[in-house]
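Structures follow.
Same chain, two partners: chain A is paired with chain B first, then with chain C.
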Partner chain A sequence: MELSFPSELGYEVVARDAVAAFARCVGIDKNRIEDIKTALSEACINAIEHGNQFDANLRVMVTCKHNGDHLTVEVRDQGMKEYTAGGKPLTIEEKLAGLGPLRGMGLMLITELSDGAEFVPVSQGNCFRLTFSVLQPAICHHS
Partner chain B sequence: MNDKTLKGEPVERVVELSLPSKLGYERVAMDAASSLANRMGFHPDRVEALKTAIGEAVTNAIEHGNQHDEAMKVIVLLTAREGELIVNVEDEGKKILDHSMIAREPDIAPKYQPGHVDRGGWGIWLIRELMDEVQITTAPGGGNLVRMVIHLEK
Partner chain C sequence: MLEDELTVSTRQREGVAIVDLMGDVTTFAEEKINQAYREVTTQGARQVLLNFRQNDSINSAGIAILIGIVTEVNRNQQKLAFSGLSQHFQKIFRMVGLAQYADIYQDEEEALKHLNSDPET
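What follows is the complex of A and B.
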């Protein structure tokens, strides 16, 4: 499944709901789907904010593949700015102690919720790949 | 959302979906459209109507247009404009629908004759009942194209 949308905050919800429907279709556990939704939303917001710098004329592309025991989701932007995490992220406790801004937790959250999260090289823009293990057999329920 | 460009033209925001031709995946289109329609402020009843119409259109594209060929794609474009949502559902046209056979009213009586198994054939009628505008044409790429418009009632 492929989906693309304009770089405007709020559209990550459309992507989130589409990918959640895809995940249900291939039989992923509902609790795991909540993890996928949260991680995907964070990745899309990063693409909108950092990669595409809020330019609504640029697109965010989401690709979703299921190979039996893994769900792989790629989030690509059109790369106004190369996204770099900027060193080791602060912990929640460090942030609450005032050692850094309260924002910027996205990558840490994504890493915690997924089984694999990495930037992969592409010719233009940023491509962030998320991998989730899938324990359930693939089942697709027709509406 | 800003609904006008600096030149005063309506802003279009397009969400594009590409789905494999496998029954069940129509739910992805239904949920994406529902999410966008909620964001645009459609009444929940209208969102349900939209979901039903898109579900029928994508199912038709999978079953009839692409003949269940999973390698063929169904493309769904959701275009958000000021006051309306336009939905295009396009298949790859393994089978081109005979437009003269797309009846405005389903022929119900034969479907309830003893031995008649196929209860289908209601999809297009349902789409027309639920959406404000419906056009069924052949797309430039040769596939079947269903264009539906639903207006945002203030």
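What follows is the complex of A and C.
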């Protein structure tokens, strides 16, 4: 499955719901789908915000593949700015102590909720790949 | 920008200030949630319950807003609690550490029962 959307906040919800529908189709457990939805939303927001710098003329592309054992989701942006995971994210104690911004927990959530999360090299922009283990067999009867 | 339709309202019940959140809690929620918190605090709330709706979503920007509320609650020596979260977001709140600063209850009834029996409040 492939989809593309403009770099505007709010569209990550469209991607999230589409991928969730796909995940249901291939028989992924509903609790795991919640993990996928949260992780994917965060990856899309990063692409919109950091990769494409909120430029609505640039697109975010999401591809979703199921190979029987895993669901792989790639989120690509067209940004000229390379972004990577920064240092270790601040803990809530550090945030409450005013040692850094309150935001910045997206990558931590992605890492915790997925089985694999990494940037993969592409010719332009950034590509962030998420993998999720799939325990159930495919049960979708839609073509 | 596709803004969501979060509705935030406040009410009092059994001595607890309840902030009802209906809709996804994202970056768009910041002003509405902070305004509701300021409103109940101005009215003298000592216990604040953020009451979520089971099917709604919360992203990292929403979590950042809630961490900001924790900061204010600590400063104002109030007690904060959450109710109505799905199992998934209860897990997320534990993951990011929010559960260390606010009790999580299944629903409003359970929250009120515990908040009203807490000798510290």
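Convention: the second predicted complex is superposed on the first by the 140 of 143 C-alpha atoms of A that agree within 3 Å, B and C clash if a C-alpha of one lies under 4 Å from a C-alpha of the other, contacts with A are read in each partner's own complex, and residues count from 1 in each chain.
The working rule: a contact is a pair of C-beta atoms (placed from the backbone, for glycine too) under 8 Å apart; a residue touches a chain by one contact, two chains touch by 3 or more.
Every value quoted in this text rests on a predicted model; they were computed, and no experiment measured them.
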Partners on chain A (chain B, chain C) - clash or fit: fit
Touched partner set for A:C25, first chain B, second chain C, both or neither: first
First, second, both or neither for A:E2, with chain B first and chain C second: first
Partner chain(s) touched by A:G125 [first = chain B, second = chain C, both, neither]: neither
Partner chain(s) touched by A:G10 [first = chain B, second = chain C, both, neither]: both
Which of chain B and chain C A:G79 touches, first, second, both or neither: neither
Cα-centre angle that chain B and chain C span when viewed from chain A, reported as a multiple of 10 degrees: 100
First, second, both or neither for A:G51, with chain B first and chain C second: neither
Smallest separation in angstrom, by C-alpha atoms, between chain B and chain C in the superposition: 5
Intersection of the chain A residues that touch chain B with those that touch chain C: 8, 10-11, 13-14, 16
Of all residues in chain C, those that touch chain A in their complex: 1-4, 24, 26-28, 57, 59-61, 63-65, 67-68, 70-71, 74, 86-88, 92, 95-98, 100-101
Residues on chain B engaged by chain A in the complex (per definition of touch): 1, 13-20, 22-32, 34-36, 39, 55, 59
In the complex, chain A residues that touch chain C: 8-14, 16, 31, 34-35, 37-38, 41-42, 45, 91-93, 95-96, 101-106, 108-109, 112
In the complex with chain B, residue positions of chain A that touch it: 1-6, 8, 10-11, 13-18, 20-22, 24-25, 56, 140-143
